[in-house]
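Below you'll find the structures, each written out as structure tokens.
Next, two complexes with chain A in common: one pairs it with chain B, the other with chain C.
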Partner chain A sequence: MTRPSSGEVLAKSAPSGLGRILDHRVLLSIAVLALLPWLLPSKALAVNVLIYGVVVMGYNLLFGYTGLLSFGQAAFFGAGAYFTGIAIGRYGVPWFAAVPIAVLLSTGLAALIGVVSTRTRGIYFSMVTLALAQLVYYVALQAASFTGGENGLRGFTVDRISLFGLQVNFLDPVNKYYVLMGFAGLAMWFQSRILNSPFGAVIEAIRENEQRARACGYDVERSKLVVFMLSGAISSLGGCMLALHLSIVPLDILHYQTSGMIVMMVLLGGARSFFGPFVGAASFLILEDVVSLWTPHWQIFVGAIFVLFVLFLPKGIWGTLLDAIGVGKARQ
Partner chain B sequence: MSGELLRAEGIGKRFGGFVALEDITLSFAAGQLTSIIGPNGAGKSTFFNILSGALTPTSGKLHFRGRALNGLPQHRFVHQGISRSYQITNIFPDLSVHENVRVAAQALTVSYDIWRNRARLTELNTRADSALDAVGLLAKRNELAKFLSHGQQRALEIAIALVSEPELLLLDEPTAGMGPEETKDMVALLERLADKRTVLLVEHKMKMVLGLSKRVVVLHHGRLLADGAPYEIRSNPDVRRVYLGQSEGYG
Partner chain C sequence: MDLPLIIMQLLSGIALGAVLVITALGLTIVFGMLGVVNFAHGALFMIGAYAGLYLASLTGSFWWGLLLAPILIGAFGMLIEFVLIRRLYGRSIDDPLLLTFGLSYILVEGVRIVFGSDGIPFPTPPQLIGVLDLGIGFFPRYRLFVIVLVAVVLVALWMTLEKTRIGLIVRAGARDPTIMQVLGVDIGRVWLAIFGLGVGLAALGGVLAGPMRSVNPEMGSLVLAEAFVVTVIGGLGSIVGAVVAGLMVGISISMVALFAPEMATIVMFALMAVVLLIRPQGLFGVRGRTA
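So, the complex of A and B:
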């Protein structure tokens, strides 16, 4: 048998047609998101899909790709929002500087929570992240002079922003959407890079078999801490977007219900798929929108649909769709 | 001994009140295949877990190439040149066969790089493919590991251990659960491996061990019972009493 060179084998394995198009996942995702405001019933809903999509995408890195079920992702979503609001409102930092500062500070928070939680495994990891995220919630509740406590953080409004010398009215929903889409695009590009990187291979190996990954020579605990921080950083960017969008930060976004919603969104859309988080965020928010029109008990219906998904479509909407058109395996 | 690679000095391991290993002193020379045998519960797996860093001995010292290994976390053992396979197949089931080996090759050089595209690290790809070639799995490189047959998965695990170019390869029952055909393939593979590197083998199949090994170490109740060439082991009365007598013809 002549041994094929690895180039030949790679060429044989390269997906053709549709698969090749899907290789440009970041550009494709941005193209779809660019159409979103014109497809959804309201611009406000489209902005929320962007924001939650980014938060859930960051979470997907931790849950979908590394296999760590955290119930505390709201802490970083909230941290991004609060740090942005506090930087702008209290310290007069311009918005474009407030965002990276908030992401850095949130990553620091993720390091603190990660150092404690990544030492535990399974249900203990879930519980520790839940408890520490609730701790962040209560700190935000008590430190009212900084955070506005129960009333949420107010007093910072970004109404006009200048982009490359161009004055943009940020109160206009379309302008707002496309500015925030820029952030989402940045987050997607960053996440895609991580997934394609050597470290992206390490987290998948840890998800698949922690013991083997360790025996291969990886420091599993440290790798988990790193991915926990990266995941927190990306989710916190969603928080920054929320703060810019609402001009207030409601205390609720730190609550564990938000963490639970993030978990539901990733499972609805499809964990371990690149665009799944946006599909999950969109489905969840549309469902909430539609069902809450005719009953205040919308959560019953969303919950029931969620159960059906877990039972019958464990790969979520997007993951199942990719499988159906035959590129799911190639994607993973 | 000249060319000594690994030395275990008075290794002991207790789990609570249970003594799994007691006072094991052994030296392994570079470049030969040694088998560790013994009845169930003899302490073979415990000894292996200590040699690969998965367990810390309660007493005693390990020296590898003259360097003490005590206190080193498990993931550093590979970086020292000690690599292992497991008794129960231990692979990355949902990754491709190629990626299983590629990610193992990567551990020695890049772990925390979140920037470069791993598809462009061609040297790692080539190394992974040649390790797959060595165990006869190159044709299966693009399949998911979970779809391989049992024997192929065992071979894949050896490729995973092999790709780090270990100086010491620890194989824990590589033929466990295999039929005669698969066992034959595996024995051929082990013979090829033993040509080039130091291999320590834990095995149950007696005939296979005696045929393959240059040296056989027998453990019994956590203690060293015998140590010598296969023909010495075969005629050792203690070994016959505790082990061979009950399982000769086995495998």
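So, the complex of A and C:
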């Protein structure tokens, strides 16, 4: 594959001072996330924003940047969680080894699903990813001796984490948050590197005009498969974080409703923006938190708000905000 | 394993497949005409089952429920097209999909509010209770009725599409909507009717499935995945494909259930993966739009 020369152009075309500040997107995002536990009503909510933020960020690589609307991201979120739990609980692997192992295995799963699904285009891709993710759900349901089936995976607990000789009590919510934030920071750095690389320009070219990208000599099919795997890898890290956080893995994590929730979050926040996924995850979870206080039927509000967003605010909260202050347009 | 048992299981598979055919047909017709995949199709299937149940208990007869539920829910589908989907023509193909996904949340939660979250048994109509002796074994009367009814609906639909003026307009509109407008056909009205027909078919599938499955707010999510698998195997937009693939999936599920029950939920996905690897556009699909 030839190297595109335009890889740097996208990143460098933000002219305003504000745009230059936003170039340090990883550091800025980490700074905001570091404050989150003190801004949100509960530490548990903050941890969830962190976890779902990473999952949705990985998904955004696929949907926002490459333009592939997958309805099966839950497979990788779930795979990350299950592999982490099985590695720790069944094979006694220490947590710091379980996480990379889980991410690697989940990436393998993404390769398998990707080989089949990236052969299709458009709406077909959405339907096929949904169906294949449901396949993973049913396999997990049937393989109860490994996964716990309907009851979910139990029997692994990470209560202490040793970092550079330092013993950290992982049951303390604040400690837990900042340890998990380390993972999130790593994921953000990785995603930012991908987006700034020539490959990042190729996937955006595929989104803008697939035939033209092909005519320019890029291997569109292979790029789609690679981005599918990278996206799965990042989302699976969110799954690892969830397993460490909850010490159980509920079967529902693999259901397509979870995939749908990921799609909703990325749209609420703003696809194609770096920090949008975290804004989306936070708005969704806060909405759920607030509305479920006064009605068990909070999903009807979530559905209605999502419909309104599709109709009137397709760029999401963060994307619209960036547009309003003129940064978003300059970056496109 | 003796032959009569296999034949009986085959018939069960056809009955299962018949409901899949009707449901997937609604999905595929709407896609063929409007280029829209309705993610609320499963939720509308579920609403159809509830509507059938409610109307049957209101009128005291299953047959009124079977007749009125698809019509009412079909009209509701036309309302959805008119108020929501219509705004999205000309925008990204992802937008109607996302919108209908959000809509399915509203529909499912709405049913939970009205009818509660627990499953409700759907009584089999008294005329169809029991089994029929087929010479080689006994087969539930209701399932036989489902097979016959679906066959009748398919023939009627095929006749309408192939032999009438309306069918001509629909087929031409699927091929080139712009030319149809130039020729003076109000394509917006055709799309409205087709969307209503698609939703009505989903509701019919829901009512028919009612006595075979339990009726609950979540029943649509499984059906949506099944309908997707069927349309992907058959080829999105192809009516023949939906029929062939629906029967194929139904028969495979019931055959596998006979030999390896734990694989029954998985087999249709495996079938889909194999078809995609060999023919990405589906068995009867046209290359270009989707693969």
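We take it that the second predicted complex is superposed on the first by the 315 of 332 C-alpha atoms of A that agree within 3 Å, B and C clash if a C-alpha of one lies under 4 Å from a C-alpha of the other, contacts with A are read in each partner's own complex, and residues count from 1 in each chain.
Simple rule for what comes next: a contact is a pair of C-beta atoms (placed from the backbone, for glycine too) under 8 Å apart; a residue touches a chain by one contact, two chains touch by 3 or more.
It should be emphasised that the depicted structure is a prediction, and the values quoted were computed from it without experimental measurement.
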Now for A:I194: first (chain B), second (chain C), both, or neither, which partner does it touch?
-> first
Chain B versus chain C as contact partner of A:V226, first or second or both or neither | first
Where does A:Q211 make contact in the superposed view: on chain B (first), on chain C (second), on both, or on neither?
-> first
Partner chain(s) touched by A:S42 [first = chain B, second = chain C, both, neither] = neither
Of the two partner chains, chain B (first) and chain C (second), which one does A:L69 touch, if any: first, second, both, or neither?
-> second
Name the contact category of A:G122: first (chain B only), second (chain C only), both, or neither.
-> second
Would you sort A:F306 into first (chain B), second (chain C), both or neither based on which partner it touches?
-> second
Figure out whether A:M264 sits in contact with chain B (first) or chain C (second), or with both, or with neither.
-> second
Could you pull out which residues of chain A sit against chain B in one structure and against chain C in the other?
-> none
Counting only contacts in the complex, chain B reaches chain A at residues 52, 54, 73-79, 83-84, 86, 90-95, 99, 102-104, 106-108, 110-119, 121-122, 125-126, 129, 133, 138, 141-142, 144, 160, 164
Mind listing the chain C positions that touch chain A in their complex?
-> 31, 37, 84, 87-88, 93-95, 97-99, 101-106, 108-110, 112-113, 221, 224-225, 228-229, 231-232, 236, 262-263, 265-266, 269-270, 272-273, 276-277, 280, 289-291
Touching chain C in the complex: which residues of chain A?
-> 69, 116-117, 119-124, 126-128, 130-132, 134-135, 138-139, 141-142, 255-257, 260, 263-264, 267, 297, 299-300, 302-304, 306-307, 310-311, 314
Residues of chain A that touch chain B when the two form their complex | 3-4, 6, 9-10, 12-13, 193-194, 196-202, 204-205, 208-209, 211-220, 223, 226, 230, 329, 332
